[in-house]
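Below you'll find the structure, written out as structure tokens, and then a few comments.
As written, the chain order gives the labels A, B, C, D, E, F, G, H, I, J, K and L, with residue 1 at the start of each chain.
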Amino acid sequence: MARKTKVLPIYVLNGPNLNLLGTREPEVYGRMTLAEIGKAVAARAKAASLGVVFRQTNHEGEMIDWLQEARTKASGVILNGAGWTHTSVALLDACRMLDRPLIEVHLSNPYKREAYRRRSFVSEVADGVICGLRAQGYLFAIDAIAALLKDRNT
Amino acid sequence: MARKTKVLPIYVLNGPNLNLLGTREPEVYGRMTLAEIGKAVAARAKAASLGVVFRQTNHEGEMIDWLQEARTKASGVILNGAGWTHTSVALLDACRMLDRPLIEVHLSNPYKREAYRRRSFVSEVADGVICGLRAQGYLFAIDAIAALLKDRNT
Amino acid sequence: MARKTKVLPIYVLNGPNLNLLGTREPEVYGRMTLAEIGKAVAARAKAASLGVVFRQTNHEGEMIDWLQEARTKASGVILNGAGWTHTSVALLDACRMLDRPLIEVHLSNPYKREAYRRRSFVSEVADGVICGLRAQGYLFAIDAIAALLKDRNT
Amino acid sequence: MARKTKVLPIYVLNGPNLNLLGTREPEVYGRMTLAEIGKAVAARAKAASLGVVFRQTNHEGEMIDWLQEARTKASGVILNGAGWTHTSVALLDACRMLDRPLIEVHLSNPYKREAYRRRSFVSEVADGVICGLRAQGYLFAIDAIAALLKDRNT
Amino acid sequence: MARKTKVLPIYVLNGPNLNLLGTREPEVYGRMTLAEIGKAVAARAKAASLGVVFRQTNHEGEMIDWLQEARTKASGVILNGAGWTHTSVALLDACRMLDRPLIEVHLSNPYKREAYRRRSFVSEVADGVICGLRAQGYLFAIDAIAALLKDRNT
Amino acid sequence: MARKTKVLPIYVLNGPNLNLLGTREPEVYGRMTLAEIGKAVAARAKAASLGVVFRQTNHEGEMIDWLQEARTKASGVILNGAGWTHTSVALLDACRMLDRPLIEVHLSNPYKREAYRRRSFVSEVADGVICGLRAQGYLFAIDAIAALLKDRNT
Amino acid sequence: MARKTKVLPIYVLNGPNLNLLGTREPEVYGRMTLAEIGKAVAARAKAASLGVVFRQTNHEGEMIDWLQEARTKASGVILNGAGWTHTSVALLDACRMLDRPLIEVHLSNPYKREAYRRRSFVSEVADGVICGLRAQGYLFAIDAIAALLKDRNT
Amino acid sequence: MARKTKVLPIYVLNGPNLNLLGTREPEVYGRMTLAEIGKAVAARAKAASLGVVFRQTNHEGEMIDWLQEARTKASGVILNGAGWTHTSVALLDACRMLDRPLIEVHLSNPYKREAYRRRSFVSEVADGVICGLRAQGYLFAIDAIAALLKDRNT
Amino acid sequence: MARKTKVLPIYVLNGPNLNLLGTREPEVYGRMTLAEIGKAVAARAKAASLGVVFRQTNHEGEMIDWLQEARTKASGVILNGAGWTHTSVALLDACRMLDRPLIEVHLSNPYKREAYRRRSFVSEVADGVICGLRAQGYLFAIDAIAALLKDRNT
Amino acid sequence: MARKTKVLPIYVLNGPNLNLLGTREPEVYGRMTLAEIGKAVAARAKAASLGVVFRQTNHEGEMIDWLQEARTKASGVILNGAGWTHTSVALLDACRMLDRPLIEVHLSNPYKREAYRRRSFVSEVADGVICGLRAQGYLFAIDAIAALLKDRNT
Amino acid sequence: MARKTKVLPIYVLNGPNLNLLGTREPEVYGRMTLAEIGKAVAARAKAASLGVVFRQTNHEGEMIDWLQEARTKASGVILNGAGWTHTSVALLDACRMLDRPLIEVHLSNPYKREAYRRRSFVSEVADGVICGLRAQGYLFAIDAIAALLKDRNT
Amino acid sequence: MARKTKVLPIYVLNGPNLNLLGTREPEVYGRMTLAEIGKAVAARAKAASLGVVFRQTNHEGEMIDWLQEARTKASGVILNGAGWTHTSVALLDACRMLDRPLIEVHLSNPYKREAYRRRSFVSEVADGVICGLRAQGYLFAIDAIAALLKDRNT
């Protein structure tokens, strides 16, 4: 099984409004666009001999479809659930059904913001959580998954 | 009017992640796939001379569309809202606008699980609620709707 | 063991004020008296070759005694705890000590009523919960226990 | 119907620990024993040509039985639920099924005491509530029921 | 001292909107106007050889002035604080400074109404509380104060 | 009845501190003084052939008096309760007793401010609520009442 | 910039179940269908020399797409989020990213309804909120946006 | 008085479901039956020249009767209220009326269990509380009462 | 501007029931009457070349009027809001509109009293808070305002 | 392993302010000083052939050091965490890392005191809890640990 | 005893991070360093013929030691508990054991800050509380203690 | 300034019980000891030409001292506050006074654990938060600080 999961890509899934990244409130979210983050992520993964599937959606149902797809098509998942993070049990359930390393990433630190952003359903099932490190958080998440996969294979 | 509603099918609507049924945590959700449940449900309904429209979606909007459709196309609705059960006022509103018997079904018993699964928006408008009886819960729901329809026609 | 539990009856235990059934608020609880439900339940159980012990009490202690008795004398229990459902940890403890299938039944749907009726101690240990289907809920509970017993014997 | 209800007695039902009245904490509950209150109540009722059935129990089930009995045997009920006031939904349900005037009485004023005594399930269905007036509260309750009965008969 | 307090009148103080009594929602508050209640109260007090000062105000400050005045000019106070009951700490403080018997009266039973009507600041310092008995509640309050005064004088 | 209510003016009642409007925090409340708003409101009402009574008070009791007066003297009420909005049950009761169209207006949007400004007692009985539109909100409220009156007269 | 934003239309975006308007519970939501409201809105906007894009969706993702589109294609937004109002942080985030006047509209007054309808995520970022005025609320919202645009251009 | 209280036995009162001790979940409650605990307790008391009355009931009313009886017949009380511990104000009142040393005992440590087991009404009036030490907890309670009695007699 | 504010007096404003000071519960509030405190305050202010306007009212509206008056007539305000401290948003708003140093004073320490006295709306806008130091607290407040005024003038 | 743990002493660790024992509030905490308790504890342990290390500290860090030390140097721990009981997760973590019997002791009964003393972090990991029995509680704790050690060695 | 306490110094005890005073956020905490405050405090005390012991620590245990030391070595205590104010029951207990005047001081007004700064354990036992007056608050506290000591000696 | 901060080391500060790392619950916290993590961290920092000061303490006061020291001696801080994370406002204040990049690290994911671990005071001021990635989290934190420093220097 180790052989198989090695070659599967990492799914990097981005939730609602993240497509606007870089154009709004750069002091909060950074100046990189989502496309630029996607490229940086792919480069980082490549260094660890891993592929990346990088997607964004404003549709919760599509995100759930992708998380289900990841069950067989991905070696691990990096999820930035954005606004759904705090409200979607359906997303949580899709994450729980994943049998893959899962890292939750947020560009800004939600614990510095409104009270309703302090509750993350995703955190309850994620292996790791990285907040506030902007685009770099995605790169760390790639490394973390690479490390987790290596652990499982040894 | 009794004549008309008799011939309309029962809509059996399944929410997010239920398409994975049977392959994950069978000790919680049972070993039947959703397709198998669909067949059993159709058989049960047929015994009561009722048809069944059996669907699943990961998209909340689609579920709302179906519930609206059911207002004129169904004689009753069986709804397993899965994760939306606990979070969706939009779903609740769609249910409230139904003028049909509505039975809420859950395969497992959510009251034995996390606190956030104890609040069901659907329960506030459902005629009946059946939890924890796995696939059998759907069959009872068919019988319950059949009985409710018979009541209304007599 | 399968042989033994097969022949034990199902205990159907009814809590406070249910003896008044049929005479008060029929639009909420239905028009059947408790005695009539008892007969219907017995008939349904007989169809599954099961006996029924059908009782009602306004005394919590008596209910606890019956639940303890059911540990050795019953193959399964159907419990309508009425008002105790929401307040009695003692009842919960007695249910927890049962090593038998347990189905919770409510004639009306408590989730449509006052806030203090939304918390059920029984639900935390019941295998299944059926609400709002009036007398029919008891019949489904019989079938559910019959199915659970069959499962265990095979 | 007026004729019938006129001759039925008023049930005055006292809950747990009230049998100890007069011997403990007289500065809180007054110096009269429950028996002495019973006599005073009977005298007051007699003045209004009403009989009284005066009882006390430490058993919740017995209290529920009496409340059910009162549905056909009493013209009105005066209830001092003592400790059950704050915890018993079963008692509340029995009160709700009464189709008779119901006055809740407390010897002391529970709103001056612990927080858990500020919630009364009985108050949610009682016609009137009288607190803190010791034995006199019972006498006012008799008058109140007499007045309510007169209202209904005219 | 007994001699002095005997001859002082009972203050019967009515809070906001009670001047509209009798003209609005008679099924909740009864059909008597506040003036009619005032007359009945005076008659009842007279029977106990007590005078009555009967007032109403929509101004919280005026009510506090009256409660302060009552400290030296009244033998006891009957207070229907209406809406202030649930919100005014200033009123509570004025009541606490009274060194006179204090009976709280409500025409309807606030415990059957909205959640915010279940908290009474006045109840925390009142000797007695009478709810839901409409105008009759005032008469009982007169009797209760008469009894309390007699107690203190003997 | 339609004839009568037509000619009655609309009461526009303003609560505490609104007399300072225009001189403090114009970025929050706008630059118009209350007098200027009063004029604009009168003009708008006149266009709909309606008169206006425009008042402000820092005294809760006076506001309650005006609301009571409006029961017979006004065809509708526009209420900006300012700070009382969030705390006064007495005001709520006065509003509830109105049998006239009632529109609640706030110059700023209280839902963007402190948590204690998110609870409005007035909203629970108002026909409509308009927030954050500064002086314009009053004009819309005039139109809304005009429309409601027209509805009732047709 | 003033020139540009002037000619952009106002987006009027309607959330889940609003497509059923006029056919269900007219006493709550009014008798106009959504199409009829759309026409009235367009007429009102035209009077202010503004165009309107009027849409409805049951899909949260689609609504987010439209709100993002509005960032460059609309001069202002009128949002009736229906059930999502109370639950969707994703919607809130999309609104927050708008750099356009935003008016929240509700046909009925949610503050008179269930507790879970009293929390609006949209209200936390809207410039104005209009509730309970049915179709008329949309017309006022058009006027409010027209006024806000005029303010910005002067 | 010292002489008298010396010879009165200690009441050891056990609440609902404790009669099943030893047969269920021995890893939680230990392997001793209630009868065996009774013997060990009697032996321990005897060593301190004290008698023991050892009882169990599933009926709350019976427990209250016993606690009342203990007021004159016991020198001290050891109470394991089991499930009633967390819910019964009536039991609390009976305990409060005891004028005897009272030790609360629990076989397991309820603070390690469900949230609803963390609230003990009995703890609010007990002299001492011993949890989690299984049968040994009863023996310590005997010693504690013996010590308290000795203190009072010296 | 410094010249002007120097000569304006300090307003010392006292809320409901403080007129009774010295005559009730001296162990809580001290033995000085409000008049005596007024004199001591005036003397202290005089030592700092400041005048004092010292007032008390039981009418919230009057207090708001005074706070508004203080905006132009006072150099600073000392406010003992008594019971309104904990409940009045209207008072808070009036304080917020002050552009003067504001010191909140309480004779006793409300944090040692009932829970509802722990929330002060005034504290949210006051420059300083002094509790529990009885009359001396007023004198410190005078000094504090004197110091704040000196700071602003230098 | 049994041989080794037998000879290790029991650590009896006392938290902040317990060094003042015996000199303050003897009616609450008893008259024994901590040194006297230490002697009594040592004697009791000696009777069970066990040694005791008896310490007190006002420094949380020192207490954590000791609890860590106890992991290899003690056969069991008796912990009176005093004020830290209710607030220190760090202490809880140190306790959780102990692989030794742990008994929590409190001299008084915290459940009779302020609400913030009803939450014990230590109780969530302690084997047993003894409250309100003053110095005797320590002796019982010694016996309890002795018994637990004996259990593990047999 | 008066003679003795006179000559004992006042302990002025400062909690965590206060050693950084003057260098950080001067607009919140003022520009004086802690050493400068110490000097001003000593001068003020000297004027009242009192000595001062002025200390700061980041170690809670050291603060508790000092508070215990103050029981015999100080005539009164001024405590700025900084961050521990809101979290330390151990500190509260040490304060409660003081038999000396205790004044709580905060440089800024915590009631204007985060919600978790609104709860002060120290306030529950302090004689007086002074907030928001920066260094001047310490000087008032000296005066307040001097006055309290004078009261006790006369 | 850029030149100066470059050469200062990164402080890596570890809170209570982390000295036991590697020996307890390796499946939760990983198998590396704290010393091993220290080495890995130093190596990673060296690669970025940064030095590291790596410390652990069980004493909150010592941690606060270190954080204060870091204000002038460190270029950035990595903080694993362990149990203090959830309870210490004093720690939060020390962090807030840092004018350096601050990354919060947790070896395990606290959001998967007890409710009281979901509240982090440190998160409210940290630039970034990394949870659940065991030792690797520290390495990412080094990289994150290196990046933040580079950002500031460019």
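One rule holds in what follows: a contact is a pair of C-beta atoms (placed from the backbone, for glycine too) under 8 Å apart; a residue touches a chain by one contact, two chains touch by 3 or more.
None of these values were measured; they are calculated from a predicted model.
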Where chain F and chain J overlap in contact partners, by chain label: none
Path length in steps (a step moves to a chain that is touched) from chain G to chain K: 3
A-L against J-K, pair bridged by the larger set of C-beta contacts: A-L
Cα-centroid distance, chain K relative to chain L, in whole angstrom: 32
Separation of mean Cα positions, chain L and chain D [Å, integer]: 65
Rounded Å distance between chain D and chain K, as computed from the means of their C-alpha atoms: 56
In chain K, residues with contacts to at least two other chains: 59-62, 87
Contacting chain pairs - touch in the sense defined above: A-B, A-G, A-L, B-C, B-G, C-D, C-H, D-E, D-H, E-F, E-I, F-G, F-I, H-J, I-K, J-K, J-L, K-L
Of all residues in chain F, those that touch chain G in their complex: 103, 109, 111-112, 118, 120, 123-133, 136-137, 140, 143-144, 147
Residues of chain D defined as touching chain H within the complex: 15-17, 19-20, 24, 57-62, 82-87, 116-117
Complex contacts: residues of chain D adjacent to chain C: 59-62, 64-65, 68, 71, 87-94, 97, 121
